[in-house]
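Both of the next two complexes hold chain A, though its partner changes from chain B to chain C.
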Partner chain A sequence: MRRWQIASFALFFGLWELTGRWPVSPAFPPFSNTFLALIEMIRDGTLGKAYLITAQPLALGIVLCAVAGIAFGIGMGLSRAIEWLSLPVFIILQAAPMAAIIPLLTYMYGIGLTSKVLAVIMLAAPVIVMNSYKGIRNTPPSLLQMCRSFQGTRVQEVVKIVLPHAAALVFTGLRLGLAMGFIGIVIAELLITPTGIGDLISYHSSTADYPKMFATIASIVAVAAVSLHLLQRVELRLFPRD
Partner chain B sequence: MKRFIAAFAVLALTAGTAFAQTKIKYALGDVLGIDDLPLLAAAERAKKRGVEVEITSFKNEDIATQAVINGQADVGQGTPYAALEKVNVPIRFFVQLWSLQFFPVVANEHYKGWKDLDGQEIAVQGRGSGTEAIMLLMAKEHGIKYKNISYVPGSQVRALAMLKGNIRATILDSTNKNFLLKEGGAKFTVLPLGNVKASDEALFARLDYLQKNQAAISVFVEELVRVNREINKDPNSMVALRKQLGLLKDLPAKLDDDIPTYFKEGVAGGIFPNDGGGENAAKSDLEFYALSGSIKKENPKIEDFWHLAPLKAALSKLK
Partner chain C sequence: MTEAIVEVKGIGKTYDSGVEALRDVNLSFPKGQLSTLLGPSGCGKTTLLKIIAGLLPRNAGQVLVKGKPVDGPGPERAFVFQDFALLPWASVLRNVAFGLELRGEPKEKREEVARKYIAEVGLKGFEHRYPAQLSGGMRQRVGLARALTVDADIILMDEPFSSVDEQTRRKFQEDLLDLLRHHQKTVIFVTHSIEEAAYLSDQIALLSPRPGRVSKIVRPNVDHSRSPDEIRRDRGYLDTVDEIWGMLRQYV
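And now, the complex of A and B:
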């Protein structure tokens, strides 16, 4: 399996090299140039500095979503009133084209950190909330009936049955929320004000330094993919699949 | 009959080629506004002379530049000196539309002059942009250092952010400086600026395109220079010209008054060149954009960035 994975990467990078050398467009650099640019950016510290800036709104947004989003999702799952009031909002948010909505944040919250954190929240929250909600709602009724037949209280029902049962889906929601958060922060940094990774992409695009521009984009894809993969492994360890 | 068909085919092919040669695909990295009126007027007049200029608005200058690099557009507008220096396709500027005219603005509740900006945060258009270069130049001149420079694309966005108090010091174009002073009144001060002369908007194209299509490009350049000369003679002429040629018909009526104001201010600042900029503009640009860090090469040469033949051809007809 691992060999095939390496072969798949080799094929992809090989094709990239070929198309870059062909060239498809003067603005499309071969893989080798992009890789060298990536090494240069890591060495001179520009990439590290950019990630420190990008990580700030991303982490803030995800932590806020994790605390408030999970609480909200659980609330929705446990209370019909909260569900009735907020489910449509999250369904609409999930379907809305965020790239069109995020620039509107600047009209309300300006161009600073708040808007970027909100962009992350707008993309990540629906996934986190909906997964927590579904986790609660999917509790097997037979377990609940068992709890009631043993004269368990509502609190015991929630703490001992509903929440442990929902935990796996809540964690999946967090992982998917982080994936959406990556999308949100890149859109925000490209559309609101160029900072961090967004600044590197737009600056290298404006100076036609395409290898560095592609290297930045490839790095954010790699960082997102690796972090999600690690989270998935943690998830599998904590909640092994049946 | 066969001969007739063959002759018809040749004619159709020639006409097709001639049409293709006289259509210039123009990439604009912005939405059309008041400042584009001279361009629109020149395009209308060039069309009457058989050179159609098809203007497409892109989201920003970078995408417009990429369209030219990739050959999807013939002519681009802007000052992408850094891109021109790096990209492996020879691209050259060939005429200057107007030179830089920007206004550093501060919220006077916090700052009164340049010295007060020492150690403070400012906002400019983008990294490596002309606006950043001007602000850095001024910092050097006044012996100050900014704490941080944030990048906020769009003069309009920066003007709104100033009004909301999100930023306290920035640099704006003429239209948005006027908007800010109109809306915010006495709350804002325009700081004095030294003599900065460099292109704000110039036209560029692939060198092979310029060489192959010099006739069509010269006609277009001739019309651009002609319009600039008319504006310099009478800044109000654009109002009449807009009406006569039916330009920017969907411009909101409340902006009508901004047209003469913009052109009067521009003429007073001497931003519209009567000679298409040419060698002088090229020299000032190389100096300014080297200082701003856009041009990295030491002792850059004019011929590496500018191709002056179409402009010379156009000027010889205008004399």
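And now, the complex of A and C:
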């Protein structure tokens, strides 16, 4: 398994190198040049500085979603009234093309941190809320009947059955929310004002330093993929599949 | 005849969908005996059991437990579920002790009681396993142990062996008979297996489908003190199976 993964990476980077050396487009650097540019940007600290800036709205947005989104999703799952009021909103939010809405945020909240945090929230919140909601709603009815048959109270039912049952799906929602958050922050940094990673991408694109531009893009892809993979491992450790 | 510990009088149940599941069901369940509700699928036998358990509301009639009408679940009745209804995130020990946990028993006390019943259902050594690590038969033993820990006089079992394979089922049935007679429980048991009903029961209520009604009450003439293999070759047992099949075949 591991061997095939390495072979897959080798093949991908090999093809990248090959197509990069093909004289098709000067804007497509081979893998080796990109890799060297990446090393340089790590060593002179530009990449690190950029990530510190990008991480702020991302972390703020995800933490806000984790607290308010999970609480809201649980509320939707437990109360018919909250569900009735807010389910349509989240279903529409999940379907809406967010990139079209982000310029609107700029009009309303300017180009500062607020807009970027909101961009992350708008992308991440629906999946976090919906997963928490579904986790609550999908409690097996026989577990609820079991609790009632032993004269469990409603509070015991929620604390001892509904919430533990929902925990796994809530965590999955957080992981998917972080994935959406990465999309949100990059779109925000490209569309609202260039800062952090978005700034590196657009700056190197405008100065035609394509290896550095590609290195930045590859790095954000790698950071997102690795952090999501690590979260998934934590998830499997915490909530083993049957 | 022994006194009835549970009686149902004129029970009627119509689901919101308009399906009439039960109509005017009258039955009494003798104390300390094993009574079976038997019938083809759709005859409302599980519905009736859940009404007795207080888990489903009824549209008409009364459920009397020890002579008093009841409207919800109570400590004198414990339920064993068809799909086991175990908490997947809890160990066998916590699952078995869960009924007592809900009653607020201190941890040490409830685990002591749970350990005793885990041993009685034959799961000693599995206390710290999780349901996913157990076979279907073992999971249902956990469900049975949980029902026994709360010390209810009446055990209600909803097709407890339907997701258990045949060999395991036979062994389990034998153990069940031993255990329940030893603890002098009254059992109300739902099944669609004629053999199971004839083998286990002191009293069998045959239900006819749509809407479910009691069509006949059979009291198998089986001597339960004999060995399981003897019972399965016994004249009375075989006659009971034939008699029930003769009545049920018109519904299938």
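Everything that follows uses one rule, which is that the second predicted complex is superposed on the first by the 241 of 242 C-alpha atoms of A that agree within 3 Å, B and C clash if a C-alpha of one lies under 4 Å from a C-alpha of the other, contacts with A are read in each partner's own complex, and residues count from 1 in each chain.
By definition in this document, contacts are C-beta pairs under 8 Å (C-beta built on N, C-alpha and C of every residue); 3 or more make two chains touch, one makes a residue touch a chain.
What you see is a predicted model; the values in this text were computed from it and never measured.
Asker: In the overlaid three-chain picture, which partner chain does A:Leu143 touch, first (chain B) or second (chain C), both, or neither?
Answerer: second
Asker: Please work out whether A:Pro88 is in contact with chain B alone, chain C alone, both, or neither, and reply first, second, both or neither.
Answerer: neither
Asker: In the superposed arrangement, does A:Gln156 touch chain B (first), chain C (second), both or neither?
Answerer: A:Gln156 sits against chain C, while chain B stays out of touch.
Asker: Between chain B (first) and chain C (second), which does A:Pro194 come into contact with in this model arrangement: first, second, both, or neither?
Answerer: In the superposed model, A:Pro194 contacts chain B only, not chain C.
Asker: For A:Gly48, using the defined touch cut-off, is the partner it touches chain B, chain C, both, or neither? Pick first, second, both or neither.
Answerer: A:Gly48 sits against neither chain B nor chain C.
Asker: Have a look at where A:Gly14 lands relative to chain B and chain C in the superposition and call it first, second, both or neither.
Answerer: neither
Asker: So chain A touches chain B in one structure and chain C in the other; where do those two contact lists coincide?
Answerer: none
Asker: Which bits of chain A are touching chain C when the two form their complex?
Answerer: Touching chain C from chain A are residues 140, 142-143, 145-152, 156, 160-161, 164-165, 239-240, 242.
Asker: List the residues on chain A that touch chain B in their complex, please.
Answerer: By the definition above, chain A touches chain B via 25-27, 106-107, 110-112, 193-195, 199, 202-203, 205-209.
Asker: Quick check: in the complex, which residue numbers of chain C touch chain A?
Answerer: Where chain C meets chain A, its residues are 50, 53-55, 72-75, 77-79, 81-83, 85, 87-89, 98-99, 101-103, 132, 150.
Asker: Which part of chain B faces chain A closely enough to touch in the complex?
Answerer: 61-62, 65-66, 69-70, 80, 82-89, 126-128, 150-153, 157, 160-161, 164, 166-167, 294
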